[in-house]
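To start, the structure itself, in C-alpha cells.
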Amino acid sequence: MSVRHGGFAPSRALLAACAAPAVAFFAAFWLLPVALLLALPARQGWATYFTALTNTRYLQSLLQTLGLSLVVTLATLVLGALVGITLARQRFPGRQLLLSLLTLPLSFPGVIVGFFLILLGGRQGVVADLTEAAGWGRVTFAYGLAGLFLAYLYFSLPRAIGTYTAAARAMDAALEEAARSLGASRWRVARDVWIPQLQATTVACGAIVFATAMGAFGTAFTLSAKFEVLPITIYNEFTNYANFALAASLSITLGLITWLVLWVSRRVA
Amino acid sequence: MRNARQAPWALVALTALVALFMVAPIALSVMAGLVNNYSVGLRSGLTLRWVGEVWENYGNTVGWSLVLALLCVAGNLVIGVPCAYALARSRSRAARLFEELLTLPVAVPGLASALALILAYGTLAGFRQSFAFILVGHMVFTLPFMVRTVASAFQKDELLSLEEAARSLGASFAQRFLGVLVPAVLPAIVAGSLMVFTLSVGEFNLTWMLHTPLTRTLPVGLADSYASMRIEIGSAYTLVFLIVILPVLWGLQAVGTFIEKHHGT
Amino acid sequence: MELERTRVDVVQCAKTYADGTRGLQPTDLTVEPGEVLALLGPSGCGKTTLLRLIAGLEAPDAGSRIAFGGTDVTHLPIEQRGIGMVFQHYALFPQMTVEANIGYGLKIRGVAEAEHRRVVGELIDLVRLTGLEKRRPAELSGGQRQRVALARAVAVRPRVLLLDEPLTALDAKLKESLRDELAELLRRLHITAIHVTHDQQEALAIADRLAVMQAGRIVQVGDGETLYRTPTHPFVAAFLGRVNRLALSDGGLHLGGLDMSGLNCAPGTTGLLVRPEDVEVAAPAPGWGLGSVERRSFLGDRVQLTLAIQGHAPLVADVPRDHPARTGETVGIRIARDRLMPLTETAP
C-alpha cells in the first residue's frame, strides 16, 4: 500500500541540487566525449562505422574476440559453479582464507594475469621446466591461444566463484530437503533444485564475464599474443597508425556488442 | 561415510585443481621476486635487491596510485552520495534515464572511454598531461559503482521512516542528511568506497591510454617492467603491488565488518 | 511533565493521489484539547492517510483546512507543525543511543546542555527506561523501543501527538500489557493525541473517543461505549465486536418459534443486528425460540455456541464458561428487545 507519495516529499529542486554535481561531471567527462567519439567515424564517411564488418582483417579480429569471450564465459560458468557450490557446502579449516585468496585476483590489473601466464608457461616458465625434466623439451604455451585462454580464465574465475559461493549459501535448504525426502538422487537434486535457483545468477554472472572478456586489454597486451583481439587492434590503430576515426569505429562496435549483451541479460532477469 | 550434503570426491578434486591454478602463480611470483636468479631458482638464495631496484625505478608509481585511489574515493563520496539519494527518492523519468546512462561506462570498454576523453580534451595540454586527467578517467569509471550501491541502500523502507521521524522532530534537510541518513547507509558507503578504491588501484585499460611518461600509475609501471625488464624485477614489482594492495583491502574489509556489526540495523 | 493542550480541527480534508485514487473523501473531524482520539478501521480505509495529512507528511487536496488551536497549519510542512509522531516500526535512529534518540529533537532546536539533560532524564524516568540510556535500539526489546519512540516524540513538547499503529509490531501478550501502559502514559501527559489502529480492543482501551472509518470516510464518531451499544451503521456494529444478522418479516422477528412482533422499526430498516453475548441460551421453555447446538468452542473466558435455527441462518451465541449446553442438544433462545440494533442498508 503506497501511502508515500505526494505533498511534502523532498522537493524536486532539492533532489536536482543533490544530483547536479554528479550529472554535470558525468556529462562533461563521459557523455560529451562519447558523443564526440560516436560522431568521429562519420568524418571519413558513413561506411567507416561498419569497418568491423566489411574489412576482413577487422572482422577476423572481432570474431576471434567474440569466440574467445564465449568459450571463456562457458568454461568459467561451469567451473565457477562447480567450485563455488563445493566451497559453499564443504566446511574445512582455512576455507575463508581460501575463498579470499580465490577472489583476490578481482583486484588485479589484467597485465599481472598476463605476467602470471608467462611465469607458468613462458620460455622460463615452470611448466617448461617440468616438461624438460620429463624429457619432452621445453613446452611453452603462454604466447599462443592456449595461454590467452588460460589467462582469460584466470581473471574470470574469481568473479564466478565469488558469485556462486554467495548464491549457493543463499539457496533454500528446505527445497533440497523436500526433494530428498521425496527420494531424489543427488543428480536430480542438482538438476531440479539447484539449476533453477541459480538461473538468474548464471545469466547475470555470465553477462559480466563476457563483457569483461570482450573489453580486456592488459592481458593480451602483456602476452603480445599472436591471436589478435579487438581491443589490441583498436590500440594499434590509434597508437601506431594514428587512425583515430577507425579506432573510434571499432570501439563503437565493441561497446555496442558488450552493452547489448548486458542489456539483454538484465531484461531476461 | 560421506553424507549426501558433502560434495563427491570428483568435485573436491576439481576444486583443489582450480585452487592450485589460481594460487600457484601468486606464490610463484612472490618467490621469483625474492630470489637472486630466477632460472636457478631457490638455490640461488633470497635477496631484496630486486625489490630495491623496483623502488628506485618505479617507487613513485606506488604513491601516485594510492593518492589517485584516495582522491577517487573522496570525489565519489562528495558527488556520488547526494546523487544516490536523489536517484533513490526521485520518481521522474529523468532520474531513471540518468540511472540507465550510468550503467554505460561499465559496459563500454575502458579503451573506448579513454579514446573519448582524449578526443574531447586532448588538446588542453595542461589538463591532458596531468594526473587530473587520469583521476577524471577513474572517477567516471567508478562513479556508477558508488551510486548504485548507495542508492539501493537509500531505497530501503526503514530509511523512509527514519527520514520522516527526523522531519517530525524538526530537522532541516542538511541536518537529517548528515545526521541520520548518511550514518544509516554507512555500510553501503564503506562497501562502495572499498570497491572504488580497488577498481582505481587496479585500473589499467583506461589509464594506459591516458598516461604520459610523467604520469604513471602502478599498473602502468607494471606493464612497462614486464615488457622491458628481467623477470625478477617484474616479479618484485608484482610483489610490491601485492604488499600495497592486500593490507589495504583486508583493512577496509575489517572496517566494513566492524561497522556492520556495531551498526545495529 | 505538563504539555500544552491543543484543539485539532480538520475541515473538509481530502486526499487524491497522483494516480487518481481517492485515499480520503472530504472529511471533518474535531479533536478536543487533551483528548485521545482513535482512528479505527480496516486497512485501506484512509486512517493512515488522514494521520499523515494531520502530520504534514502529505499535502491535502485544495479546499482542505487543518488547524491546531485555531492556527491554520494546512500549508506548513511537518518540520514546522510542532507535532510529535510515533511510527509503526518506531524508526529509531539505529546508530544513536537511547539518550541520543530521545534528545534528537532538542539537539535540532539547539536547547542548552543543562536543559537538554534535564528533559531527557525526566523522560527516561517517565517511560521507565532508567539504566538503558546508553543502549542502541538493536539491543532493546520491542516494548522498550516503543517507549523510546514515545519519549522521543514527546521530548520536544509537541502540540499534538500522532501515533501510527504503535502496537502493531508487537506480539499478542506484549501488546496487551503495553496497551495499558500507553493508555496510562497518554492520560498522565494530558496531551492531545490521535492514534491510528485496526485493533478495536486497542482503540477501546486507549482512546477517549473513536472515529470508525471505512473506504475513505468517517462513519461514526463517539466514545467506545456509545459506539458499541448504539452503532448508527452496520459497519460500526460489525467492526466493534461481533454481530449476528437477523431477518425481519412484516416488522417482526421470527426465530425458530420465538415471535417478536411490533418492533416499531424505523422506515428503511432492512434487518436487525444482535451481539452474540445478548443471545440468551437455556433449556427449551414456552415463549422461547428453538435451536440446536451445531458447534461448541471453549474459548477460555467464555463458550461460543453456533446454533442452527429452522428457517434462519445460524446464530452465534456467547455464553458463560460453565454453561451446560453441549453439541447436538436442542436449546431455547431468547433475545431482549432493547438489545436489538436496527440495520439500515443505506450508503454511509
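Think of it as A, B and C in the order they're written, each chain with its own count starting at 1.
Convention: contacts are C-beta pairs under 8 Å (C-beta built on N, C-alpha and C of every residue); 3 or more make two chains touch, one makes a residue touch a chain.
Not measured: the values here are computed from a predicted model.
Under the contact definition stated at the top, the chains bordering both chain A and chain C are B. Using mean Cα coordinates as chain centres, the one most removed from chain A is C. Chain centres defined as mean CA positions place B nearest to the mean of all protein CA atoms. When chain pairs are compared by contacting C-beta pairs, A-B ranks highest. A separation of 54 Å divides the Cα centre of chain B from that of chain C.
Averaging C-alpha coordinates per chain places the centre of chain A 16 Å away from that of chain B. Counting partners per residue, chain B has no residue that reaches two or more other chains. Shared interface positions of chain A, i.e. residues touching 2 or more other chains, are given as 5.
Among the residues of chain C, those in touch with two or more other chains are 57, 77-78.
Remark: chain B residues 158, 161-162, 164-172, 175, 180, 183-184, 186, 263-265 touch chain C in the complex. On the side of chain C, the complex with chain B involves touching residues 55, 57, 77-80, 83-85, 87-89, 91-95, 104-105, 108-109, 136-139, 152-153, 156. Against chain A, in their complex, chain B makes its touches with residues 4-8, 11-12, 14-15, 18-19, 21-26, 28-29, 32, 38-39, 78-80, 82-83, 85-87, 89-92, 95, 98, 101-113, 115-117, 119-121, 136-137, 139-140, 143, 147, 160, 173, 198, 201-205, 208-209, 219, 222-223, 226-227, 231, 234-235, 238, 241, 245-246, 249. Remark: chain A residues 4-5, 9-10, 12, 14-16, 18-19, 21-23, 25-26, 29-34, 36-37, 40, 79, 82-83, 85-87, 89-90, 98, 101-102, 104-112, 114-120, 124, 126, 154, 157-158, 180, 186, 211, 214-218, 221-222, 231, 234-235, 238, 244, 247-248, 251-252, 254-255, 258-259, 262-263 touch chain B in the complex.
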